[in-house]
Amino acid sequence: MLSYISDNASTLLRWTGWHVVLSLAPLFIGLALALPIGWLANRYRLVYAPLVAVTGLLYTIPSLALFVFMPLILGTQILSPVNIIIALSLYTLALLVRTVADGLASVPDDVTQAATAMGYKGLGRLIRVELPIAVPVIAAGVRVATVSNVSLVSVAAIIGVPQLGQLFTSGFQLQYYTPIGLGIIGCVILALVFDAIILGVTKVLTPWRRQEATP
Amino acid sequence: MINQIIDWLTDPAHWSGTEGIVHRLVQHLEYSAISLVIAALIALPLGMYIGHTGKGTFLIAGIANSFRALPSLGLLTLIVLVMSGSLPFSIAYLLPTVIVLVLLAIPPILTNTYAGIQNVDAEARDAAYGMGMTGGQVLTQVETPCALPLIISGIRSAALQIIATATVAAYVSLGGLGRFVIDGLAQQDFPQMAAGAVLVAVLALLVDLVLIAVQRFVVSRGLTGRYARTTASSDVIEAESVNTLSTAR
Amino acid sequence: MIVSAISVRLKHMIRFDGVSKQYPDGTKAVDELTLEAPTGQITVLVGPSGCGKTTSLRMINRMIEPTGGRILIDDRDTASMNAAELRRGIGYVIQHAGLFPHRTILDNVTTVPKLLGWDKKQARDRARELLDRVGLSSELVDRYPGQLSGGQQQRVGVARALAADPPVMLMDEPFSAVDPIVRHQLQDEFLRLQDELGKTIVFVTHDIDEAIKLGDQVAVLRVGGHLAQLAAPADLLARPVDDFVADFVGRDRGYRALGFARSGEIPVHAEETVRLGSEVSVDGGSADRWVLAVDSDGRPAGWVDRASSDDTGPAEGSRLHRGGTTAKQDGTLREALDAALSSPSSRGVIVDADGRLLGTVTAQEVLDLIEARRSDARSGAGAGSGTG
């Protein structure tokens, strides 16, 4: 395995880089969209049910199918990494809209009212009071989305988009265990590293929860 | 392009025969159903046992986190490669695939069953024991019925996971609807590929709808919140969001 | 107290015999508790949090196993019985009712009869009868617990505990999760029900007022699970054994003790009245400015101030001062005193069982009566305090 790594170091490094980009870019895009939409879903309960239904619908579409749809909808090349980024952004968004809405809903009413009584309003109250309290719930969703993304990205290897998933396809074609094992280990390590980073950021953002055990 | 896909789908020749849509659909459902049943047979009792007794909770956290990180394509290629050489040709691809599908379907069912049982109102459980129910009666008459919403959403996640991964399994020479995607890709036949994707998406959607209907049917109206709803604690929301929407596809 | 004289011959339904509960980390929840809960009576365990009252209750139906001593029901050691069977014979009511959210009200109530293998029809008929008895209308039986208010849920909890007609009931703060008005309602109905049923009840509460109101006997526990005092409510108020009990029973215990003293045939003065709606004579002659308005059945409606300059006209509407309470002649000294203190004329209105005016009494007269009772009690000590 070590000789395989040293022989293919530059390719492995490039694939890892792509894997990181393809996993994280959708996370940021998805989260950036999910925050306002989730806020809307929580603020206007009427849109909650339809929003959750629509995003749930998105979530049922198998990843390979969604990757194939993307060029059709976006007019991109089938091999373009943009397809993967957009498709995974949709999954992330689907998962996080509900998480953000539920997270904001988990803010106790008396806290919101106390904040309003002290003079917070609108966006200020959202950013200074509600979002921080919702962080644990949102972070739990972000962790799931991130770890899922790392695994989903590798499926794109079937279509031929370069990243660590290529190790599975080439290993399978060559009937060669080493790249497959390496790919699995690489994916798991990436997922664990991302997970640890999110966990760390959550802890920094929620100092009042530090005494509690993490789930 | 859309027209080409519709043409492909409406061509009767594409529906019949061993390479046809009907046959592929039946295959897909077959692998999925077998895997889901096996996974449920393993994960349901285990989750009920852990939730009821509180023993082995470390399994839940460990399994939920590590399995989600495992790339399904990697697992698929590895297990097929390891096993196929030593298996008779007829099941050389099926058995390893089913193993992978079961492995991926266990975590959502297991964690949701556990969380569902564990989240049962402590007072209801206390009252059940106080009225003279045995442990088994508490589990079957109180805990499990109350946990059904979460259990079934775990099964839904597992079913979607299985259908998605079974599509990917066409890459390792398995039948099913994924064949159209993989073959279309290999033959540069984009309409076939997209039609396959449409079929898979529709199948996933229909299966999910069927399971939602089952959920409506078996879950007590007292729990569905179609009446008065008590506000869920943040812990429950956290567990629900994580568990029901979990898993890669 | 006739009951105590007889109960010597009766067997005691529930007996704690040196019962202790010590947890593995060494903390003692209950320490050598010896206590008898007599047949057909309400025994209330009361004390601050951490006094082991709930632990003691839960040891009776073995939801918690004692680490020392024995608990006997009808002289049978509970430890020798099958826990599930033991519990099926004991009604169990807890704070938030603990109803099964997935079952209808009717199915909740039939739980224990079903566990006991009753016929389905018989169980349902019994459940309907009980739900009616605890004051729930029949249209609620097919609803789910989530559709009921806290007070309604608690009634279902009581009905469910009574379903298999157990001789013993355990109640753990059953009324503390509802608002005060509903709580008083539930307490009153509970007492009425107990009058009919005569169950042997052990009742846990942290609320001394509830304990005094409901208990035939009250056990005050102190932190660490020690029994501080076991007494009838009136005795507890009159003679707390130590500072802890005195403090726990509360500051105005002297006043509250009056709630247990019957006023008996309290002598009343005839009161000048005016018929509701008729003109008030401004010149009251020898009487003072306040005159009592009564309705056509002779029930008091309110006081009228005939000296009032800005309010004239017939004795009705806003001319009536309704602030005063009334006391029944066979009620308690507390009611009589309160009637006098709350009356604008300083004369407390005393009524008969149907609410018709009998006459009035002044606060001083009630106080004199209280004094007379006290000296009676001192000279005739041991004659009993008369709660039963």
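Each chain gets a letter, A, B and C, in the order it is written, and its residues are counted from 1.
The criterion applied here is as follows: a contact is a pair of C-beta atoms (placed from the backbone, for glycine too) under 8 Å apart; a residue touches a chain by one contact, two chains touch by 3 or more.
On a predicted model such as this, the values are computed, not experimentally measured, just so you know.
Peer 1: So what shape is it, when you link every pair of chains that touch: line, ring, star, complete or other?
Peer 2: Drawn as a graph, the chains make an open path, so a line.
Peer 1: From the Cα centroids, identify the chain that ends up most central relative to all protein Cα atoms.
Peer 2: B
Peer 1: Could you state the distance in Å from the CA-based centre of chain B to that of chain C?
Peer 2: 55
Peer 1: Distance between chain A and chain B based on Cα centroids, please, to the nearest Å.
Peer 2: Here chain A and chain B have centroids separated by 20 Å.
Peer 1: Quick one: chain A and chain C, Cα centre-to-centre, how many Å?
Peer 2: The separation of the two C-alpha centroids amounts to 59 Å.
Peer 1: In the complex formed with chain A, which residues of chain B make contact?
Peer 2: These residues of chain B touch chain A: 1-2, 61, 65-66, 68-78, 80-82, 160, 163-164, 167-168, 171-172, 178, 181-182, 185, 190, 193-194, 196-198, 200-201, 204-205, 208, 233-234, 237-238, 240-242, 245-249.
Peer 1: Which bits of chain C are touching chain B when the two form their complex?
Peer 2: So the residues of chain C touching chain B come out as 61, 63, 84-90, 92, 94-104, 111-112, 115, 143-147, 157, 160-161, 170.
Peer 1: Could you please specify the touching residues of chain A with respect to chain B in the complex?
Peer 2: Spelled out, the residues of chain A in touch with chain B are 57, 59-66, 68-69, 72, 78, 91, 94-95, 98-99, 102-103, 105-106, 136-137, 140-141, 143-144, 147-152, 154-155, 157-159, 164-165, 167-169, 171-172, 175, 177, 180-181, 183-184, 187-188, 191-192, 195, 215.
Peer 1: Under the touch definition given earlier, write down the residues of chain B that touch chain C in their complex.
Peer 2: Where chain B meets chain C, its residues are 121, 123-134, 137, 142, 145-146, 148, 219-223, 225, 227-230.
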